[in-house]
Each structure stands twice: as structure tokens, then as C-alpha cells.
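Next come the structures, one after another.
In what comes next, chain A is part of two complexes: it sits with chain B in the first one and with chain C in the second one.
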Partner chain A sequence: MENEYYVCTGCGLLCDDIEVELEDGKVSKVNNACLKGVARLKECNRPAECRIDGAPASLEDAIIEAARILKEADSPVLFGMGNSTSQAQKNAIEVAKRTGAYFDDTSSFCQGPVVEAILENKIRTCTLDEVKDKADVIVYWGADPSNSHPRHLSKYTYFPRGKERQRGWEEDRTAICIDVRKSDTATICGDKFYQIPPQADEELLNALANGLSGKVPKVSFGMGPKKILELANMLKKAEFGVICVGLGLVYSLEEIEPLVRLMDKLNEVSNFHLIPMVGQYNMRGSNHNLHEETGYINRVKFTGNDVEHGAHCSVVELLRARTVDAALIIGSDPMSSLPGSIAKELLDISVITIDPCNTLTSRKAKVSIPAATAGSECGGTAVRMDGVEVEFKAMTETDRMCDAEILERIMGEL
Partner chain B sequence: MGFGQFLKAPEYDIKIITYRDIFQSTALESSGCGDEYAERSAVILLDKGDMKKMVLKDGRKAVLKNNFGRVVVHLRPSDYDEGHEGIGYMTNSPWSNALVSSETGGSGVPKFKMITASISDAKDEKVTSFDE
Partner chain C sequence: MTNALEIYQLLPKTNCKQCGKATCMAFAAALLSREVVVDDCPPLKEDKFKENYEKLSEIITPAGEASESGMIVHTEKCIGCGNCVVACPVNVAEDPYGAGSGNAPTSDNVILRVEDGVVRLSNVSQCRRFGKNKILCNGCIVTCPTKAIEFV
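On to the complex of A and B.
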């Protein structure tokens, strides 16, 4: 009998070789997935409950109440999206357009600038399948996939045999790690680990660009020109190189330009690509869907036929400046993921959550609507961290509605 | 009850860098913000030399505070080969986020990975809970 494979929605890698066993209509065993993936695909330990003002409510009433809040709000925001199917994201954009709302996603304070540079063709990218088949030099910069995307190295980058890399990590591939601490990934990279001080990434980006231009590279910390040139030469000699950019690098840069400059320089002398280490399974899908609709990847406000865009439309600035009076939060837990001093502003506005699990945010929400878990309980499409669209089907049946359907119902009530 | 309880614990400045941990991420998926997640999140890993200098002991708890928040977390020595004087490591979680500055310079991106705080012995205080 042919095996049936499913897609894991545990992270932006969207592993498509997952086998499951079911018991009483529930996922009882998950094969091939990492620890995080298994935990995601099994049922929530604390499923979300349908509630209005903390009291149990029917789904119908919760949807009507959610629509009422959005309709009556002067300045609502829709936020989250990273753990939603592409269809749910498109429906959310429609809700935002109808209500004249702000719309932002989690990329606003993580990989947004990198994805934006890729979609605007400022940075050359490639697919993970190309990395698997061709890459000989893989750089993890400010990233620790051994913990954030546990199958990244084994499925696509360092360990697998690819079409042009049949001798894998033993002979055909070099993995390099640049980070502020010796992470588990840095340990795998062995003597190709380059430790830098916090916030020194821009300096090293510039020094590498200088080294690749034939200048003597200098930095203010304890990494001599010889060591920097050794790294620059490894990059220069790559037949097919890729830089996997983690939040460690993104957060240390004020602007994306130094990274763009290094990529440009690398592609003058070598053949280099960049892939953002996107965390949530469909954060990149949200960027793509909004970009298609508005030309922006995040941080917008819909006003009639106009779209306003800028940092002032980011969820962080909206909450900090108390610009919004209602929030529809889809598949995200900002009470947990935002700075506490900013997240507390959510306590003073009407919050609606759509989530499979009980979260810190759903517990404080005025309206909490339980959704099916995408990947295990509902199918759809998502965009992998490298921009490839992946279709996935449900593993089990559920009575709970998918987030796309809930948003469609809210739209119907508006 | 000893005389020590009336003395203010000495405070030291520290920079906190956050990181991801697969076991902590798994705990978030499987237990929400429950006990296992708290056990793996409410922890700061310190340089062994710093712990000695600050007279902070493995297994005790520490108060971390700055202008943006205050949390009590478990205290452990890190197992990195290289010393990291003045730097503590925490997994990304509500405990570390409680200390992240709300100032972004208008960029919309908080400094999640570079937190400045003070650290002191928590004496008998309980670890901060967000699971209420």
C-alpha cells in the first residue's frame, strides 16, 4: 500500500513527508516530524473555547458579536496571520478593507524587511529544493535552525544528498555559522563557526564586502583581517551559496541595506542566494497575499480605495500610540510575543481572537472563537519560507470551523 | 527568619540576549503557557564567573528588572565553553518580553534580542506567573 504523506504546519519549513496514525478520529502518532511539529499536529492541550466576555457562547453569537465590534470600532486592527491558511489571509484582507482597518502581521517585527527586499527583487533568492540539489556553501547568520527549524539541515541544506551534491556534508557541502553565541547549529558547523559580539553584524557585513572587493577588512572586535578574508574566500569560491538569515541578524540591523550590499558584492564575484528563516508556517503567505493586493507586505491601513502604509501602521506603534480601539487577532498570541509594556494596551481595547488553542491573548479577549488547527484539522495552501506555495490536506475531521470560514462568516455579518 | 531578609539584595547590570530552544517551543505547542512552558522559559543562564562575582547561586531565583518590567526567574549557570561576562541568555517568552523596551524610535520593531536590566537575588519570591 502506498504511504499517504501530509504537511506539517509547525514552522515555515512546511515539511511534506509527514505520516500520521489516527485513533478515534484523532492524530495519535506522527512520524518524520520534529518535536515541535508533533506537538503542533496533535490536539491542543488547552483548546480555545467559544466565549463572549468570559462566558460560554455559541459560535453564531460570537461571530455576530465579533462583527459588531469591528463595525462599531473607530479604528480597528487585524493582526496575526502567520498561522493562517492563505485563504484565511485573503478573507482577513477583505474584512480589513470592509471595516477600514489597519492590517499587520508578525513579519512586522521579524523577517518583514528581508521578505520585502526579496519581493522587490533587491535580493536574489532560491528555493530549498535548489539548495538541496546544488548548494555547496550554506551560511546560517543569526539563525539556529537546530532549535527553530529542526529539519532544515537534514532535509534541505547540509546533510542530504542532492542531485549535484551526492557526497553531502562529508565532502560536498560547507556549513558556516555566524552568531553571538555557540548555538547547537554553531556546534554542527565546527571550526566554521564565527562568533561576533552582539550588534556587530553590520560591521562584519561591511568588512566582508570590503574583503570581497580586495580591500583589507577591519572590524572593531577581536576578528582579525586574516580570519575575515578566510570567510570571504569561502563565500567567493562557492559554486552555489545560500545565506539563511535568522532573527539574530535581522534584529541587529537598523536598515537592510548592508545585507543587500553584501549580497550584491557576493553576486559580482560568486553565486549567492538568500532565504529568510521564517518562523510561522504561513507568515510569508501573508506577505505575498497583501503584496499582491496592495504592493506592501505588511503595515497598511485601508481607507476607502486608498491604502496607507508605514511604520505608524505597525501593530507595535498602533498599540504604543493607542491608535486602535479594537483588534481582531488571528492565530497569534501578542500578549505573549510582544513586549509586555506594549501588549498591556490590548487590555484596554476590544479584542477578538480566532485560534485553535487557549492563549494568553484569547483568555483576555472580549470574544474568543475556536478554530480548527490548520494542517491537522483543515487543509489549505501556504507559502514556505523560500516562497514556494504548498498545498496541504486535513489529517482528521473536526466540528470546528477553519479560520477562513470563520472570517467569511464575520464578513457576512458586516 | 534571618537578619538577611531586611537587607536589599545587591543589584548588578546585565545585558540579556534571547534565543530559541526546541524544547521550550515544543512545550508552548503542547502545554500552552502551562507549567512545562514556564519551567523552560522563566530561566536566565549566566556566566559562571558572573555568578561567583554576584554571589548568585545555581538553583536560586533572580529578580530581573528595568523601566519596562520586573520578573522573577530561575537562575542557572550556562554551559557555554566561552565566558560571556555581563551577558545572560533567556529563551524568547513572556518573561523576557516583560523587559523589552517599548521604545522603538518609531520603527515598529522592539529590541527583542538586546535587553538591559538589573539582576539581584530574589530571596523567597516566587517565579513570575503569566498563566492566570
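On to the complex of A and C.
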């Protein structure tokens, strides 16, 4: 069979074996992708419109108006990035530098701390291809890929045959799930599901580290030392282990140190790696690109040649403290995703959106600029959740501009 | 899910052999594996079994919904994760480096594949639960996070 494969930009897994059928220049059928991917790759139900102050406008005028807002703002912020190509992210960083803007992405309230620890070599990681070929113990901690990254288990971790895992999942691999509720993924893990109360992750991380050091592991909730040791032993016996860290774990930890300590301990007695379950398709790319430029993965402010960094530069803090007076939001819908009390601050400042779809944020924006959908209508590169760079090409042609080009044009007007 | 015993309860239980099977229990098992159809039992069509006949027709594959092997996919539940595609032993044997390795199927002989985000069946006669040497394979059932696959 002659097949041409495309990449799905539906989530941070960037599945690279997608087949499509076209009809009238549009994607009519998407094969091998999960439902989430199909939804992303087929045209959005409501494409974004080009508007200024709610009235239809030409792309040219919208770009000029966007540049004017950024130029005149005292303190603008650029935000989003997770659903943008690496080139668009680099261009956005240039725009932020030129306008002395704050720059943040959704990782500041998602996987940021974990990616940072990996980039600083504090945590050992590996690629998903290595997991597929070698991993025998796979731990999902605070993650439910069956819903967030539907093909995670089937394409890389648990079910597929790999070079050193030829006998199939029943014999060759163990999947473990640690979570506060019995998720779909937990159901698949069967008796290897360890349920913990909310906010108990740190306690279990420490208990496991103790268990691996030969101490009796104790926790304050109803999980006996025997059960914890059984889990610790499974981890210890792994030939090639991986912990896939979900938001459940990240959110419950005040700082990342307990996780780093457990990983260190595991690597004294065993062979363990960690992969963050990055949600948006190029969230990790944004972390990498900003890190390359500034040494920080998110939450910065550019002033001349200086870069300021800290929690006060996160989009949530900026809005809460009313530090910013304009926002350029790229491929993100903070009006729907941020807590209401913070999202409503966006109503009081000049918002520009660049998005393929009509979102709550784009409807309320002062300037809404429609972009082509990366993955189906425009190509580029992105960084998969495990740090591997993936190149993708467009499936169809479009007269809509890619976000990278729109940002370049805005830059030209500045 | 239906089992052979439940089906047996609805049969005439006379072991009349008119269906070609030795016992009603054997006919029940054959019904379950789709080897025969409800109409293959002549006494069932008699008036006194009318109710049982209707019940049986209902639990045994509403025509068209289940494939010949008795496999039903509840497409409205399927999220297209592909777990069943890679777990199915026939898929692995037919296409070890495609479907069996978690990738897009590269063979026309696979049973399960995902199209437009939902699993689609083909070659069901190759399913291990079907035919003479059938076994109670459940690879696609236990790996499905949404319980979208069922055998009747």
C-alpha cells in the first residue's frame, strides 16, 4: 500500500501516522487519529472572522490596528502559544521584545515546572520511541490519557510491540495508575490502580522514596505499608521504567522537589524516566523556544535588552493585578479556560486574537484575526511532549494566513 | 451481556435435534457464536414459543448491528483510541509493524481499524471468537476504556 502520512496536531502526542481523504479541497475523512484529533483536523464549526470592534474588516486593516494597539500600549502581554508552530512562537518572542511586552504561555499553569526541571537536567527523561521499544513499567500519575491523549497507550506505552517488547502487553509490560479517582485509564490498569486522596501525592512520593531506601513507608491515609512496598518493588524491578506525569500530580505539588527526589532514588536502585503529559500540541515547543532565548521557559517581561522573570509575570497574576493594558492572544481561549474572576479582566483591556476558530475570547476581542489551522492548513514544526521535534506539512490549501506569517506582518508594522 | 445459559432458557429444551445440533444447549452455543440463526430452530416458530422467539430475536443481534462473529461496536461510545486495534491478536499477526506496533494499519487483512475517529470492523470472519477453532479472546474488550465493544 502506498500511503502518505500526516501529523495530528490535536494534542501533545503529535501522532505521525494520519491518513486523510480530501473533497473539494477540504479534509473529508481522517483515519487513524482519535476522535479528538479528527475534531481538530476537520474544519472548525465556526471559523474565526476578521473583525475590528465587532465589525468586519480586511486582514490588512486588522494587522495595522493590532500593531497600533501594541505600540500604544503601556504594558502589553503576549499569551497563548500552545497551539502555534515553533516559527510562530519565535516570531511572537520578537514582537514581545520589540514592544517591551510580558510573554507567557499556558504552561505557567500546566506542565511548566516539570518541563523546566527536565531542561535543567534535574530529571531524567526519554523519548516515547524508547518507551515503546524498551519500557516494561509504565506509571500514569495524576494522568488520564484515555481522555487527554487517547492514543498514548496504544501508540507508545502499553499496548504496542516494540523492539525489546515483542510478546505483547499482557506479558511484557505493566501499566500502573495513581490517581484520586478511578479514571478510564485506571480501569485499564485493573488491579494496578492505586487510589489516593486529593493532595496526598507528596506524601506518597515521599513514602515510595522511603520504601525504596529500605525504610517502612507510612502515609496518613488508608494505604498500608505492604501495599506501598508492593508498588515500590514493582518500580524497583523495572528494566526500563517511565513515569508519565499528569496535571493531577503537578497541581497537587507546591514544589517539584519531592518528585525530583523520588526520581533520583529510583535511579539509584532502578532505571527510571519521566515524561510530562503536555496537553496542547506545541506547548513544549514554546517552553523550548523561550528557554533558548532567555533561559526561562515562561513568565517573562522584555525591557530593552533585559529580561525580567517571575511569578508576577504569569498571565494570571498580570490580569489579577491589572498590570497590563493590552493582550495579544495566539491560539488560546483564556476567556473560557481561566477562572471567571480573572478572565473578566480581559474585558477591560484591548485584546487581539489570532485564532483559526471563533472562540469566546475572539468574539469579545477588539481585533480578531483569523489564522490557518496548523496541521491541516499550514505546516511547520512542533515539539512533542517528550521533547522530540516533529515536522509537519499542510493537508490542504487555504487562503488564510498562518499565525507565523501574521505575526511577521504585525512585526513589520511596528 | 448474554451467555449461552440465558439463551438455553428460552429454547424449547426438548433436544429434538431438528436444528441439526445434538442438544438445545449446543444450539444455544451456536446461536451465541452466530453459527446459526434463531430461525434455524423449527419448534421455536410454533405459537406457544412466540414470546421466547421474540425475546431471542431481540437479544441475538438485531440484524445488521452485530457482525457475523457477534461483535458489536457501540460507535457512540468509541473515542478512537486504537487500544483494540493494537491489542487484537489477529491484527498483530497480520500486520506486526503497522497495527501491531501502534501505528496506522498497513494491511487490508486487519479486523479493527480507526476511521474518522471511530473503530471500523472488517474481515470479522477472522476474529478468534468465530468459526470452528474459536477461543474466548477478549483483547479488544478489556483494553477499551469506554466499553465500546461487546460480544453478544
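Keep in mind that, in the parts below, the second predicted complex is superposed on the first by the 413 of 414 C-alpha atoms of A that agree within 3 Å, B and C clash if a C-alpha of one lies under 4 Å from a C-alpha of the other, contacts with A are read in each partner's own complex, and residues count from 1 in each chain.
Following the convention adopted for this analysis, a residue touches a chain if its C-beta (ideal position, glycine included) is under 8 Å from a C-beta of that chain, and two chains touch if they have at least 3 such contacts.
Since the model is a prediction, treat every value here as computed from it, not as a measurement.
S.K.: For A:30 in the superposed arrangement: first (chain B), second (chain C), both or neither?
M.R.: A:30 contacts chain C only, not chain B.
S.K.: Going by the contact rule set out at the top, does A:252 touch chain B (first), chain C (second), both, or neither?
M.R.: Touch status of A:252: first partner only.
S.K.: In the superposed arrangement, does chain B or chain C reach more residues of chain A?
M.R.: Looking at chain A, the partner in contact with more of its residues is B.
S.K.: Between chain B (first) and chain C (second), which, if any, makes contact with A:358: first, second, both or neither?
M.R.: First partner only.
S.K.: With the two structures laid over each other on chain A, which partner does A:160 touch: chain B (first), chain C (second), both, or neither?
M.R.: Touch status of A:160: second partner only.
S.K.: In the overlaid three-chain picture, which partner chain does A:346 touch, first (chain B) or second (chain C), both, or neither?
M.R.: neither
S.K.: Quick check for you: in the superposed arrangement, does A:3 touch first (chain B), second (chain C), both or neither?
M.R.: second
S.K.: Does chain B (first) or chain C (second) touch A:327, or do both, or does neither?
M.R.: neither
S.K.: Common interface residues of chain A with chain B and chain C?
M.R.: On chain A, the overlap between the chain B and chain C contacts is residues 34-36, 38-39, 146-147, 150.
S.K.: Taking the complex as given, what residues does chain C use to touch chain A?
M.R.: Residues of chain C touching chain A: 78-83, 85-87, 92, 96, 100-108, 113-118, 142-143, 145-146.
S.K.: Would you tell me which residues of chain B are touching chain A in their complex?
M.R.: 15, 17, 19-23, 25-27, 29-34, 68-69, 80-82, 84, 87, 89, 93-94, 97-102, 104, 106-114, 130
S.K.: Could you please specify the touching residues of chain A with respect to chain C in the complex?
M.R.: Residue list for chain A touching chain C: 1, 3, 5, 17-19, 29-39, 132, 146-147, 150-151, 153-156, 159-162, 168-169, 184-185, 187-188.
S.K.: Okay, in this complex, where on chain A does chain B touch?
M.R.: Spelled out, the residues of chain A in touch with chain B are 10, 34-36, 38-40, 42, 44-46, 108-109, 144, 146-148, 150, 180-183, 195, 198-199, 247-248, 251-252, 254, 299, 311-312, 314-317, 320, 335-343, 357-360.
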